[in-house]
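Common to both upcoming complexes is chain A, partnered first by chain B, then by chain C.
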Partner chain A sequence: MAIRFLIRVLAIMTLAYLMLPLIVIIGASLTTSEFLAFPPQGLTLRWYEVVVLDPTYVDSFVTSAILAMLATLVAVALAVPAALAIARHDFPGKAAFSSLLLSPLVLPHLVLGAALLQFGSSIGLVRNFSALLVGHVVIVTPFVLRTVLPLLSREQQTLEEASRDLGADAFTTFFLVTLPQIRSGIISGAIFAFITSFINVELSIFNTTASLNTIPVQLFNYVQYSVDPTIAAVSAATILAAVVAIIVLDLTVGLDFLSENE
Partner chain B sequence: MTASRSVILGLVALPLVYFTAFFLVPLMTVFVASLTDAQQGGMTFSNYARILLDEYHWSVIAVTFRLGILTTLICIVLGYPLAWYLVRIVKWRTWRRICVILLVLPLFTSNIVRSFGWMVLLGRNGLVNETLQAGGLIERPIRFLGTETGILIGLVYILLPFVVLTIGNALAKVDHSLEQASADLGASSASTFWHVTFPLSIPGVVSGSIIVFALAVSAYVTPALLSGGRVTVLAVLVFQQYSSVFNFHYGGALAITLLVFTLLMIAIASLVSRLGAR
Partner chain C sequence: MAGADMTLLAIDDISKNFGKHQALCDISLAIESGEFVSLLGPSGCGKTTLLRLIAGFLRADRGTISIAGEDVTGLPPHRRPLNTVFQNYALFPHLTVADNVAYGPRRTGAGKAEASRRAQEALDLVGLGEFGDRYPRQMSGGQQQRVALARAIVNRPKLLLLDEPLSALDLQLRKRMQIELKQLQEKIGIAFVFVTHDQEEAMAMSDRIAVMNAGRIEQVGTGAEIYRRPATRFVAEFIGEASLLPVQRTGNGALTIVPAVEASGRSVAVLRPEHAQIFAGQADASTSCNLLSMEGHVETVASIGGVTNIYVRALGHLVHARRLGLVESGLREGQKVVLGIDPQNLHLLEGPQP
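For the complex of A and B:
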């Protein structure tokens, strides 16, 4: 029982460690002082006002959101057919195909970013929105593939066959039988994809410019030279966005994945 | 399989073309450039020789991998009890759900934001130093920023949730009847843990370690922000070459070196786990 108590204390402390920097940022963004202070000196929302009135921050937020949304849509369009092919069909090179699509998960993003910059500069695909999008699609597609694949089980396949036997064509079967079964996988994969794109620095940093910037890269450039409560307010805003995304994820697919199935 | 070839082709074509064009070909470009002479063209190993025959580069590689290994070990030591707590000790579902949300929240937040939080906390007059001084544990503030310790704290922080999730998933799958049998046969709870539960959770530990290690050695943002330019890791060297020096040949060799070392460590880790599982 003593060990149980020790684990409990250790676990709570680790959770607190995980929360600490986030709390510090949110706290520091509310300070009334001109410099970054934690605990905050007084409470104000004026740094948020500064951010909202600054078009460069707003533009970066919009760029990041559109980029993440488009990257996620393309990723779903690529990953769902790929998952169907891998789960339902046999073809030569299947294993290579699936590891090709999953390998961006373990490949250093910085290496991929450098590679895309070098390759892109030879075909004129650099420092514009398309260049950003192309790279983001590569790193987020595996997330959708990985969440959709396990849902395409064998039992699922018999349902599809039954549908075909009853006279439904391939499209009807996909939309009425397959899609409802993999919907939760698509949703959770898409949320992970969106977030991964939205917070990416290592890939975007090669293709952003002063006029075309994503919010994490802009933060990165600022934080290296100066820290003030405005930066804390922008950071806190992204934390709040993350909270919203997690609550959506929890309500749609449920985050209860560490419970034992007894 | 009754499906015609055209169906398979229809499903595979687009993803295959996309990943070939924007993943495989760019990586090949880097590889080719790394083997090409910067001045005369033609094939050469000189870019790699410049890295592998040089003491400075080995010291950077050493720092990178020391940080990777330490981060992985500390993540396991901190992550295992938390995973155990969430899966085995928490009985109230709502609390577990809140804990999982708290665990995932940092993952949904940019590395920048999280490292920035540590910059504030670890500064000379940051909360960590002030608390330690107020507690009488230290007399003068410790310098964290610009040291390997600072980077380590940041990396552990950023990568810990991955280990907790993979270990937690493995623990949740452990069959209770095996532990029951062990207890019925007279084993103490410690002995049941070390001989039954822990071995069954090893796949989770290994897959978590691989993710953490791969992400730690290739991390750029956290070392860049917490090192203040004083500690150099491999990813920082790669970035310098591509962003300011524009030497794609030497930079490519650095990128490939990082890639090869990472994949090598992952291969070793999975080999060790496969041998251990026997």
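For the complex of A and C:
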């Protein structure tokens, strides 16, 4: 009993530790003072107004959203066939191939960004949206690969064989059997991919310009010179967007798959 | 060639290697329409590989497979006129039982209504007509087994492949399913190729059994044939129990049993335990004429309820004898006895045996 109680307390404390910064940032965004203050001194939406009326913020927000969405889509389109190839076939260099695809998970993004800039400049792929997209695809693809690969088990392969046996061709089998089986992996991988892309600073910073900026880079640049509640307002808006996204996801496809049991 | 000789499945000279490992070597086998054939052998003997070759999940390195006269060697699985019951059923977890069974008809061109009507029919056939709305995970192992069966026969294939379909069930259920499966097979008249490592199962259900070992078929025949007249030493030892006794012929052609120390290079006689008679003394043995007799002593008496196994050491051989029921008085360990064997009950494997 005592242990159960301790675990409960520990869980609540951990949750509080995770939640408090969010509450502080949302609280600070509502302050009437000219500097970050918590608890907020008075309540105002003034800083949100500043953000919404400033096209650089709005533009970066849109850029980040489109970038994260496209990077995630491309990552899914690349990772699913790659996972199928790795799980289903033996080919020379297979181990090296899968390590290579997963390596961005352990490589410092700053190093990767510098390398991509060097490489990109030799083929003219710098400081534009495509350059950003290529970099983001590289770092988010492993997330989808990691969540899809374990689902392509031997049992899953037998299901595909059963489908073929019952008269379905390879194409039909993929859509009717394989895809439903790896759907949860694709969705959870896509969530990680989207978030990773959306919050990335280290990689984006090499290819952003004054007119092409992502929201985290914009914030990063801003806090180097001033710290005022605008920053809190942008952060709070980002948090809000994430919460809305999660709720929409739960209502449409359900988040049950994120827990272990079905 | 089809039709006239009723050959449904013809396997000709199939070989398959996995890297350096030879999984199948020169396999030939013909199966007739409506026949129940078991592929029986220890694990790793190649029986599952052969099944997967027939289904089309693997390609043979050499040889051809034809079904109803059509060469299917190069056809992908979905274009072969057969269906498979997989070892762990392989039911689609994201589909209901009814949709699982309707999957086959849907893929082969039936409309939605037609497919669900046929699915219902197949489910009724296996006694699960009421369970169409459930998901596979909501059913017991035995029920899942029946769903897998319904799904495999719904397209009315001429040939059904079964990969150890009963191995995941407990003993009681397995015995019951053996009978049901055999009855169903006779009722719908589909030829079964049934992979198993359980000889009792193979004996109980099959019209013919192909005994496999190390990538080769050692013998094909009815259960009685392979039990009475095993073609090789492997079959003799794998099917049922047997004592293998080295023998030689005397001048007048009669058989005599050779002592263990002189065994190498001899022909071998297969003696089933029920054919080894035990007598208390030489006098009793000579009362029955024409018996081969050997003196020896009882080494072990083991009663396992319905039968008693008696192991007698004679001429250096350990001979296994069996009596029905609990052993009556008079047989103790260490006791001197005479073994009597009717030569007619000996099956001879000619030529020097390893």
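By our rule, the second predicted complex is superposed on the first by the 228 of 262 C-alpha atoms of A that agree within 3 Å, B and C clash if a C-alpha of one lies under 4 Å from a C-alpha of the other, contacts with A are read in each partner's own complex, and residues count from 1 in each chain.
The rule we apply is simple: a residue touches a chain if its C-beta (ideal position, glycine included) is under 8 Å from a C-beta of that chain, and two chains touch if they have at least 3 such contacts.
Owing to the predicted nature of the structure, the values given are computational and were not obtained by experimental measurement.
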Which superposed partner A:158 touches (first chain B, second chain C, both, neither): second
A:180 touches, of chain B and chain C: first, second, both or neither? second
Contacts of A:58 with chain B and chain C, given as first, second, both or neither: neither
Chain C versus chain B, contacts on chain A by residue: B
Touched partner set for A:239, first chain B, second chain C, both or neither: first
Chain B versus chain C as contact partner of A:167, first or second or both or neither: second
Partner chain in contact with A:201 - chain B first, chain C second, else both or neither: first
Footprint overlap on chain A, comparing chain B with chain C: 170, 262
List of chain A residues in touch with chain C within their complex: 155, 158-159, 161-170, 172, 176-177, 180-181, 262
Residues on chain C engaged by chain A in the complex (per definition of touch): 55-57, 76-78, 82-84, 86, 88, 90-94, 103-104, 107-108, 137, 151, 155
Chain B-touching residues of chain A, taken from the complex the two chains share: 4, 7-8, 10-11, 14-15, 17-22, 24-25, 28, 36, 38, 77-79, 81-82, 84-85, 88-91, 97, 100-101, 103-104, 106-120, 122, 134-135, 137-138, 141, 170, 195, 198-199, 201-202, 205-206, 215-216, 219-220, 223-224, 227, 231-232, 235, 238-239, 242-243, 245-247, 250, 255-262
Interface residues, chain B side, partner chain A - complex: 1, 3, 7-8, 10-12, 14-16, 18-19, 22-27, 29-30, 33, 78-79, 81-87, 89, 93, 96-97, 99-121, 127, 157, 160-161, 165, 168-169, 172, 176, 210-211, 214, 217-218, 220-221, 224-225, 235, 238-239, 242-243, 248, 251-252, 255, 258-259, 262-263, 266
